[in-house]
């Protein structure tokens, strides 16, 4: 079976979905169900940890989904480290998606702080999935630091631009094979997700593209199909591109 | 239900598949089944009409699929007209996909001959689906001539390049609403099919992209998923694109 | 010397400029001068032929520029033919740029009418430069009809989109070598013009991109430089593209 | 006059050229002359500092060109700092282009080490021009550290891919206005240089695209023209893009 394996754990779906920006709990629940995702990421800061009032967790059954705590809303390595520890203490998980925002207007990641937090948390026994830029130097350092996967952006969070630098992502994919590579952030629609999978990425993590669609539940379904479509196309091995049907040589090397 | 309607007939799938270039009959049959397509196009010239020996039709059950005869291999309007008539005479169908090749090395369509054949065949009662270029003048003339759908190329036949002129196709989609618009030819992988559907096209017709993949049956499944993903994403209404998350205005008008 | 040769006549500049849409005569004159163009195209319909009042020709010295009458504003082959004849009768030229509009909202060319007009006018001894789409079948027919050059659009007139289908234009360039190929219409800025020349086109024809800029005279100069830059880069032979500096094989075949 | 100003110094050309990878000294000299550049960057490690044998400086007249020492070949902040100091000690300059390679196969910059070296060298009175990625977080930190300009890559060194992430570079340009932004590395041909200037960048730094062309001297001329073309087009204010000529609203926000 073609499953996604991270840190020895198998996931039936290669789509990971977030839980932010939905209208309400029921919409969150229905979109997640429609997406077919098995792994769902939740911001530690947004979980109502004492469960005194309505919580995200009222709508996401931990028996059904694998919860991946994330450090959304953190601006320093220390904040991210504390959020990860808190998530573990309250019993959420010893897995964590590290996300450190480095720039307010753009929400671009602070890759240096992300690397620092990864180093500390790996030593503390966490399974760390860092959200990062498409910088190959940092991607390799994250792996050296013990990251269980590397999650480069397709485009900055919340932009919906798709993969804006297909060369950079293709280079990452070609040179990094030690851990799963998951495109995290920036995708906007189903063909973006399919394309990411066709490029050979191991998975896709999405949030705004679903929650920000006019019909989030239908878009969640579209994304689930898109990821499967792209993965199958990747495994099927696409036809070569040619400038015209009878051209003697294929157009190798075209990245998009 | 979101069905494709052409000339009053409903189709459950928006993917139409061809039958050329497969290794053998069983592969053809399995790929078609995996694609989920309901309409299947067959070259009149390639159907062994007297059924004296093995025929394509041994592998495509007309009770299960809607057969669309096509005029592949024709180089003039007359040849295409004769092929259409022959297809009707032997009981294949009074529907026909007109395809007239105008240029040998590139297999680019001869849109003038296509228009002539369309005019003649519509008058003879055929339901005509012409394969054409992305030329909006001819697209409109085909509609005036009574075409039941217009099928512009994404790229020339057999190239696998995807939609090479997203502006031209977007213009067609914006200005033509009288009949279904189906992207025919040139697509190479599942994300291409998803993208075509996200642009608002009513369907996609594919052949080489499936038959020319390393694993045609798996690629057929990928294409079926891709078309559904793209259609759902179109109906769901994608999020707006922004240069960065907090940018005050969306990047309207980006076509890809 | 690297000159553009059409129908045996040499031109020092590979940039051809139009005369429409300028604010007034002096701006037209100054922009043309700044562009460095030697060939200037004027609409027969817009030349005040009896010279009773101010005319375009008051600002474009026929001793300095090679005037190329065009059939802008014509919607049928007959209108274009009549305009060409009128241009010759009043002594403008026996060269003509054929332009037949086939679709009002888009100004897309009617390639069939263009071909008809070309056939008639070539027989009447005109040197015919037809403006056409990127349809290779019609491009070849125009050559068969005796066109002295073929002028495919980069994008529809007045859009400023640049070359929207680099594959189609690359295919034209690869397969057509009998006559000069000139990108006519759709370009928007200097890098578009440079790119067209780098793709190996013999020249570029521009109008709206200059007249529609905020500072037309400065944009005219930019376009002149862009055409020269692109031509020199083409002749110089660009470096191969690589995914990264030490990649063992170049990324052949990338068209943009 | 439209000059490039860095750290209070005016440069007549917005093109900065490197001196690596040429066949020999005369070719280096001729290409630099043909480019029209005023600022020329030389690797401190490659200058034969005791002038005992032939040196780059035999071919680049410091009276004519502004020499910008660079730290090419350095892999750590310390190496870059030492190279900068050496360049000043031997009288080359107290300006320095910081370049720290972080990844061997890709030559991708180590932005963290670049930032460290920038901090140290600015405090020592250097005018520091750091070569960096398109990471906006680091770009802002380099400015905070006192960089006199920021020089993001268009694509990794030596690839010739052009600007691979036009969104990231457009975001940098929109949000960074305190210091000049110069596209450094990755460009391949004249239209790439023109495009960078049209996007509003203050300058372009090139090396392989010139030295790696078949005819480096002609390509140098092409690049000089391309930069001027792009700059003039930027200042002239391009026409708006439209899907078709009579479309009621322009296609705002398209980045390429």
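Each chain gets a letter, A, B, C and D, in the order it is written, and its residues are counted from 1.
Here is the rule we go by: contacts are C-beta pairs under 8 Å (C-beta built on N, C-alpha and C of every residue); 3 or more make two chains touch, one makes a residue touch a chain.
Worth saying up front: this structure is predicted, and the values here are computed from it rather than measured.
**Student:** Tally the contacting C-beta pairs at the B-D interface and at the A-D interface, and name the larger one.
**Tutor:** Output for the comparison: A-D.
**Student:** Would you kindly tell me how far, in whole Å, the mean C-alpha position of chain D lies from that of chain C?
**Tutor:** For chain C versus chain D, the centre distance works out to 34 Å.
**Student:** Report the inter-centroid distance (CA atoms only) between chain A and chain D in whole Å.
**Tutor:** 34
**Student:** Counting only Cα atoms for the centres, state how far chain B is from chain D in Å.
**Tutor:** 48
**Student:** Check each residue of chain B and list the ones that touch at least two other chains.
**Tutor:** Residues 105-106, 108, 156, 159, 161, 167, 171, 175, 241, 243-244, 251.
**Student:** What graph shape do the protein chains here make by touch: line, ring, star, complete or other?
**Tutor:** Shape = complete; every chain linked to every other.
**Student:** For the complex, give me every residue of chain A touching chain C.
**Tutor:** Touch list, chain A to chain C: 167, 170-171, 174-175, 241, 243-244, 249-255.
**Student:** Any idea which chain A residues touch chain B in the complex?
**Tutor:** Result: residues 104-108, 156-161, 188-195, 198, 208-209, 212-216, 218-219, 221-223, 225-226, 228-233, 235-247, 251 of chain A touch chain B.
**Student:** Under the definition above, what is the set of chain C residues touching chain B in their complex?
**Tutor:** Against chain B, the touching part of chain C is residues 102-103, 105-106, 108-112, 133, 135-137, 140, 155-156, 159, 161, 164-168, 171, 175.
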